[in-house]
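Each of the next two complexes has subunit A plus one more chain, namely subunit B in the first and subunit C in the second.
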Partner chain A sequence: MKKILVVDDSGVQRKMIIQIIQKAGFQNPILEAGDGAQAIQTLATNFQDVGIVLCDWNMPNMNGLEFISAIAKVPAVACIPVVMVTTEGTADKIAEAKAANPNLAGYIAKPFTPEVLQSTITPILQSNI
Partner chain B sequence: MSPGKLIDPKQLSQVILRCSQEILEQMCKAKFSQDPQIAEREIIEYNSRIRALGLDKFNGPCYVAAITMYDSKESLAAKKPCGAFILYLEETIAQEFLKAMSQGLDDEDEEMVMDNCGELCNVIAGQFKNNIKEFGYHDLVISAPTKGKNDIPEGVDFEYNETKLQEVSFFIRKIKAVVIAITLAPAP
Partner chain C sequence: MNLIHPFLVEALGESVNNSCQTILGIPGTLKDKTIFPEEPCIISSIGFTGNIEGNFSIYISDSNACRLVSKMLQTEIDETTTDVIDGIAEMINVIAGGVKMRIAQQKQTFNISIPTTIKGSRMVILASTGKAENICLHFSVENICLSVTLIYKMHEDKKAVEERKAQAHLDAMQTLNALINNKN
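Right, the complex of A and B next:
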C-alpha cells in the first residue's frame, strides 16, 4: 500500500489532514514533514513507496513551491501527484504552482472543509494507490 | 524602500477587520459580543524589531503569532520587509479556537494551541494579502508564522521607517479576546 506524505509546518494542520484522510476510510501509512527540506529527506528514503504528497506553501527553510519545483526535476519522484493545501489561493498562485510542477494534481485553498479535502484526494488516491 | 502611495490607516484597518472577522466567524465559530475596536499605536521597537508583548493586550496569558510581509520575492531574499502582521489570542479563547478548528483532535496541549495560533495567523494574513491590491501590493509575499506564549521573544521584523501600528480588537463574552496588529509601508 502506497504512503501519503503530508508536508506542513503546522503540526495541528498535519494532524487534521491525517484525521480527514483516515475518516474517509484510507488506511495508507502516512509520513509527515515540517517543511520542504524535511520532505525531500523523507522522499529520499521513501520515494518508491509514496503515492501522493499534500503540501503547504508558506513554510520555513524550504517553502512548498520550492519543494514541488525541486521534485519536478528529479525523474524518480517527478511523477508523484502533488496537492497543494495553502492560503495562497489566487489564480496567479495556482498558475505559479502548476508551472513549478506540471504534475500538480490538485489545489486546496485554506480555509477548507473536510469535504473539499476528501473530494480532491479521493480520486487521486483511488487511481494511484 | 522608495516612498510610494501613502496608505490610509483607516482603510488598512477596515481591510484587516473585514478579512479577520470573516475568518474568525467561519473557522473559529467566534461569536462577538460587541463591535470591534480600532486603534492606532506607536510601534515599540527593540533591536530593529517590533516587540510583540501579548501581556500588554490582555489581563492574563495569551498566545502570539506573527508574520513578516515582503513586497516581492526579491525583497524576501534580501530580507527587506515591508510590514508585519501580529495575532494575539487570549489563552482560553485560543483553546476554544483550537477545538473549533481541529474538528475533534483529542490531544490538545499548549504546543498545539500555539501551533494553531500560528496557522490562524497564516490564514488571516493570506486572506489579507489577497485583498490589498488597492494599496498597490500585487504580489505580497508572507513569511511562515513565528509563534510564542505571551510574547515573541526575538521580536518581529518590519519596515523600520514605519512608526505606527493599526490594531483591531475583537471581543467575545465581553472580554478582549483577539487582537490583530498590522504595519504596512507604502508600496514601492
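Right, the complex of A and C next:
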C-alpha cells in the first residue's frame, strides 16, 4: 500500500489532515514533514513507496513551491502526484504552482472541509495503489 | 481612511466566520466588544508585504485557546500544549489567507509570512501608532471569545503616484487657464 506524505509546518494542520484521511477509511501509512527540506529527506528514503504528497506552501527553510519545483526536476520522484493544501488560493498562485510542477494533481485552498480533501485524494490514491 | 478600508473590514469578518465554519463547523459571530480576559492569553501574528503591508493578529485567552484547538483536533485539551500554540497560529494563517483571496478581487496583493506566537498575561489590544490603519473585530464561536486585528498601510505603486502627479499638474494648468480667461 502506497504511503501518503503530509508536508506542513503546522503540526495541528498535519494532524487535522491525517484525521480526515483516516476517518475516510484510508489505511495507507502516513509520513510527515514540517517543511520542504524535511520532505526532501523523507522522500529520499521512501520515494518508491510514496503515492501522493499533500503540501503546504508557506513554510520555513524550504517552502512548498520550492519543494514541488525541486521534485519535478528529479526523474525518480517527478511522477509522484502532488496536491497543494494552502492558504495561497489566488489564481496567480495556482498558476505558479502548476508551472513549478506539471504533475500537480490537485489544489486545495485552506480552510477546506473534510469532503474536499477526501474527494481530491480518493481518485489519486485509487489509481496509484 | 482609504477606499479599501471598508472592504478590508468586511473581508476580515467574512474570513474569520468562514474559517470557523469550515474548520470547526461553527460560525464566528461578530460581537460589539471583547470580554478581554484578566487571565493569560495567546497572541499569534502573521505579517504581510505587498502594496498593502502590515500584520494580522489573533488574541485569545489560554482557556479559550484550549477549547478552540480541542474542537479543531476533536480531542480534549486542557493546557496550552504546543498543539494549542500551533493551532492558534494556524487559525490566523488561514484567516489571513482568506482576506488575501478576498482582496485579490480588488487588485490588491500581498505576500503572507510565517506566523509567530507569544503567550503572556494581562495583555491589552492597542492601536498602532504612526500612519497605519487599524481594524479590530471581536467574535464568539459558540462560547469561545477571540479578537482579531488587522493593522496595515497602503503603498501606492510608482505608476499610480506618477499618474496622480500628472493629473494634479493638468488640473493646476486648467485652473490657471480658467482664471486667466476669466480676467480677460
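Simple rule for what comes next: the second predicted complex is superposed on the first by the 129 of 129 C-alpha atoms of A that agree within 3 Å, B and C clash if a C-alpha of one lies under 4 Å from a C-alpha of the other, contacts with A are read in each partner's own complex, and residues count from 1 in each chain.
Please note the rule applied: a residue touches a chain if its C-beta (ideal position, glycine included) is under 8 Å from a C-beta of that chain, and two chains touch if they have at least 3 such contacts.
What you see is a predicted model, and the numbers here were worked out from it, not measured in a lab.
Asks: Would you mind checking whether subunit B and subunit C clash or fit side by side on subunit A after the superposition?
Replies: Here the two partners, once superposed via subunit A, clash with each other.
Asks: After the superposition on A, what does A:110 contact: first (subunit B), second (subunit C), both or neither?
Replies: In the superposition, A:110 contacts both subunit B and subunit C.
Asks: Scan A:70 for contacts with subunit B and subunit C and give back first, second, both or neither.
Replies: A:70: touches no partner chain.
Asks: Could you look at A:58 and tell me whether it touches subunit B, subunit C, both or neither (first, second, both, neither)?
Replies: In the superposed model, A:58 contacts both subunit B and subunit C.
Asks: Is A:11 touching the first partner subunit B, the second partner subunit C, both, or neither of them?
Replies: In the superposition, A:11 touches subunit B and subunit C alike.
Asks: Between subunit B and subunit C, whom does A:19 touch in the aligned arrangement: first, second, both, or neither?
Replies: Touch status of A:19: both partners.
Asks: What residues on subunit A does subunit C touch that subunit B touches too?
Replies: 9-13, 15-16, 19, 58-60, 86-90, 92, 110-111
Asks: Spell out the residues on subunit B that touch subunit A in their complex, using ranges where they run on.
Replies: The touching residues are 23, 26-27, 98, 101-105, 111-112, 115-116, 118-119, 122-123, 125-127, 130, 139, 142-145.
Asks: Where on subunit C does subunit A make contact in their complex?
Replies: 18-19, 22-23, 69, 72-74, 82-83, 86-87, 89-90, 93-94, 96-98, 100-101, 104, 112-114
Asks: Which stretch or stretches of subunit A touch subunit B in the complex?
Replies: Listed in rising order, the residues are 9-13, 15-16, 19, 58-60, 63, 86-90, 92, 110-111, 114.
Asks: Please output the residues of subunit A touching subunit C within their complex, sorted ascending.
Replies: Residues 9-13, 15-16, 19, 58-60, 86-92, 109-113.
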